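Each of the two complexes below includes subunit A, the first together with subunit B, the second together with subunit C.
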Partner chain A sequence: MLLIDLCIQGLIQGAIYALIALGLTLVYGLLRILHVAHAALFTLGGYVGVVVTNGSGSFLLALLTAMLIVGFVGMASYRVIYKPLLMRPPLIALIASIGVFIASEELFRLVFGAYGLSYTNPPLKGQVEILPGISLSHARILVVVLAVGLLSGMGWLAVHTRIGIAARATVVDPAMAASSGVNVETIRYASFFIGSAFAGAAGVMVSLLNNLVEPTMGAVPSYKALAIIVLGGLGSVRGALVASLALGVIEAFGTIYVGHILDRDSIAFAFLIMILMVRPQGLLARG
Partner chain B sequence: MAYEIVVLTNMAISILFALSLNVITGFCGQVSLGHAAFLGIGAYTSAILSKAGVPLVVTFIPAMGMAALVGLVVGVASLRVRHDFLAITTMGVVFLFTGIVRKQDILGGEIGIAGIPAPEFGRIGLLVTALLCVLAYLLFVIRIRKSWAGFAFDSIAEDEDTARLLGIHVPRFKLFAFLVGTAGAGLAGALYAHQIRFIGPDSFGFVESISVLAMVIIGGIGSIWGVILSAALLSALPQFFQIIDDFKLLVYGLLLFGAMRFAPDGIDGLLKRLFRRAGGTR
Partner chain C sequence: MLQVADLVCGYGDITAVHGISLTLGQGETMALVGPNGAGKTSFLMALAGHIQPQSGTITLDGETINTLAAAQRCMRGIGLVPEGRRIFPDLTVMENLVVGGYSRPRSEQTLNLDHVYDIFPRLHDRQKQLAGSLSGGEQQMLAFGRAMMARPRLMLVDELSLGLMPRVVDECYAALDKLVAAGIAVILVDQNSDAALAFCSSALILESGHMTWSGLAANAPESLTH
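Entry: the complex of A and B
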């Protein structure tokens, strides 16, 4: 019973990681940049979720507002941070991104206070028994539904629409795509919007599960999401999804069985280093 | 006077720490996001030994040795993964280090090690020792830069595959860079432990790794004097920020971003451009 329970908890955690990591993978695929500031967008999503839910009483409205706002802020982050640095070595953009992330944590603290916010009346508290003896809250089920829905929607978009095909072409060869009439800038803005909106959704869901948003809530996911996209083979969307779920499950088991030697975060990185030593190009790398 | 001595000692330790990363990232072009782990290894080794009664200067050797030993392991890993993969692997190293330290009672766990004995030669003595260490490491680094190894590092940083094609034994020089760089960090760690006299897992995390990388990049990657200047400035900066304590990290983060946005080749590049312009008008 414990095994199944751990698997389920791990997969739910993995679904959250997947929502965060997707944006990072998209950005990496397009720009070859490790987008650390992505985690600030995740935190922003959490804050918008709490503020709007407490203000309007509608969680659905909060979720949609958060995705929209965070999506636009994500597009702005491309314009302000990365666009001017595209011609520089990737390390420069990485440090700039870390700088923005550190500054944004402090900004959240100044605007929303150091102690965090929580829902005055947390929605989706009901429990459902999904298997005999194992019940999950509605919020956890929504996490899974949301992740599956958003990610498969994305997948459909990538395969069946013109913009999706153009986006994939841009990832493979930006210069060729541009010469075939793809507007590379539009693709980049669109990718930042989608990736950031997903991170915003993840932020809202995490704030609901913990019933708390803090300025520092983005820190751990940001490092872990980096580990995930590296693990998946940088830029590979499918690899990132597999790695997210795998990491969620491994952490769930790891904290129970090796928790006395390693803390939760280092389990993720021990796993990462082990895999990279065997497969330096990541789990599912292209070519 | 005591306050100035503390600030100066911190400055010397930061310079040593930044110079040591400069060997790995600057000279040899291997990005490390986890250099604070080696500062930590040096600090823990030295702290435990000096609590057991070993004189401070003697603990320098095992502190450097332990850091270099682990550094060698990470160096071997760097032979396997490259670029962004290496960046994330080294980031993993620092999380692994703090994660392991947190769970070991011998290393003080979450609480850390307190009551590290004061150096037998007092505060001024520690400052002098730190300055001597910086000087020795600086001379060593300059010597490397001018030697054959310096050229090999340059070529590896520029283009690893071409370097290999030219017959440069890339793995050997990469390992050498990690060895020298992490040993330097271990030495800085030993000094740090005796300067603060309290160490815990939080002193050697990811943020510290980023701050030292920021020193190297703001100084100008690979430039010895630029890195010394920026390490001195950035380590003193928080002291001035005490007044605006609330905004400390905000200013620091924006500074990092601003430096990358407007002067990505660092102080070194800035000065060079300035001199070139001045020379041009003459």
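Entry: the complex of A and C
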């Protein structure tokens, strides 16, 4: 029973990682930039979720608002941070991104206070017994439903719509996509919107599971999501999803069985190092 | 249709093309001939909008298009079949063609697909396959098909026969014939200069980025083309 329970908890955690890592992968694929400031958008999502839920009483409204606001802020981050730096070496954009991430933690501290915020009346607390002996809160079930829904929606877009197909072509060869009439800028803005909105949704869900948002909640996801996209093979969406779920499960088992030697976050990196020793190009990268 | 006047372009501080001028009418064909490094590819990439001209003008149907981005030039009728084909290997054949037709209204897609499949039946047979799994010749056909999906009026074709079997080269020239018959102008680069000169009505000979000769392809001096 414990094994199944651990698998389920791991997959739920993995679903959250997947929502965060997707945006990072999209940005890396299109711009070849490590978008560290992505984790600040995750935190922003958490704050919007708590503030809107406490203010309006509707968690659904909070979730939608958070996705919209964070999506637009993500588009703005492309316009303001990355677009002016595209002609420079990617290291410059990386440094700018880290700078924005650190500054954003301080900004959250100034605006919302250093101690974090909680839901005054946390929604979705009810429990459901999904298997004999294993119950999950509604919030955890929503995490899974949301991740599956959003990610498969995106998968559908990528295969069945012209803009989705054009986006995949742009990742492979931006110049030839442009010569086919694809507006590469539109693709970039759309990808930033989707990736950021998903990170915002993840931020809302984490804020709900922990019943807490605080300025530094993006720190651990930021480096863990970087580990995930390296693990998945940089730029590979499918790889990032597999790596997210794998990491979630490995962490769940690791905390129980080797948790007395290694803490949860070091397990993630030990796993990363082990996999990269065997497959330096990542799990699902080509060649 | 296309006028180029004193075009100078290159990469960074390096100038690859020093002052090329040409005029091309609707449905006309021109071969660009010259040794490796003569600036043929750079010239085509400047026409397609991937290299910014340093000076000179490119005029298409009376409009100066020097500063237009590649996507806008595609919409104005310039198609590119680049060196090395540069198809999208992770996408299926059909998806490559759909991207090629991105600038056209969605309602036209089926018609344009049928048109491409008509000229290259082999692409129809392989439409669900990943483009990266095609043979070199099929990839060249796909590169042609992708450019045709945008309904170009001017086709820029770089290194048509490079790395292809003779039979496939013949098929590609046959396809070019059909394009020209449909009124599409072609600027052609082919390391097999005899084939390019035989196909095209006019020729422009480049050496180290300079235009050394231009005129009717039939009159091209052999000393310069070999």
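Following the convention adopted for this analysis, the second predicted complex is superposed on the first by the 286 of 287 C-alpha atoms of A that agree within 3 Å, B and C clash if a C-alpha of one lies under 4 Å from a C-alpha of the other, contacts with A are read in each partner's own complex, and residues count from 1 in each chain.
Assume a residue touches a chain if its C-beta (ideal position, glycine included) is under 8 Å from a C-beta of that chain, and two chains touch if they have at least 3 such contacts.
A quick note: this is a predicted structure, and the numbers were derived from the prediction, not measured.
> A:I81 contacts which: subunit B (first), subunit C (second), both, neither?
A:I81: touches subunit B, not subunit C.
> Of the partners subunit B and subunit C, which touch A:L151 in the superposed model: first, second, both, neither?
In the superposed model, A:L151 contacts neither subunit B nor subunit C.
> Pick one for A:I165: touches subunit B only (first), subunit C only (second), both, or neither.
After superposing on A, A:I165 lies in contact with subunit C but is clear of subunit B.
> Of the two partner chains, subunit B (first) and subunit C (second), which one does A:A177 touch, if any: first, second, both, or neither?
It touches subunit C, and subunit B stays clear.
> Once chain A of both complexes is superposed, is A:I20 in touch with subunit B (first), subunit C (second), both, or neither?
A:I20 sits against neither subunit B nor subunit C.
> By the touch definition at the top of the document, which applies to A:V70: first (subunit B), second (subunit C), both, or neither?
After superposing on A, A:V70 lies clear of both subunit B and subunit C.
> Subunit B or subunit C: which reaches more residues on subunit A?
When the residues of subunit A touched by each partner are counted, B comes out ahead.
> Under the stated contact criterion, what part of subunit A meets subunit C in this complex?
Residues 162, 165-166, 168-169, 172-173, 175-184, 286.
> Which residues of subunit B touch subunit A in their complex?
Subunit B residues touching subunit A: 31, 77, 80-85, 87-89, 91-93, 95-96, 98-100, 102-103, 206-207, 210, 213-214, 217, 246-250, 252-261, 264.
> Which subunit C residues qualify as touching subunit A in the complex?
Touching subunit A: residues 48-50, 69-71, 73-75, 79-80, 82, 86, 88-91, 95-96, 98-104, 106, 146-147, 149-150 of subunit C.
> Which of the residues in subunit A end up touching subunit B in this complex?
28, 32, 34, 81, 84-85, 88, 90-96, 98-107, 110, 223, 226-227, 230, 234, 260-263, 265-270, 272-273, 276-277, 280-282
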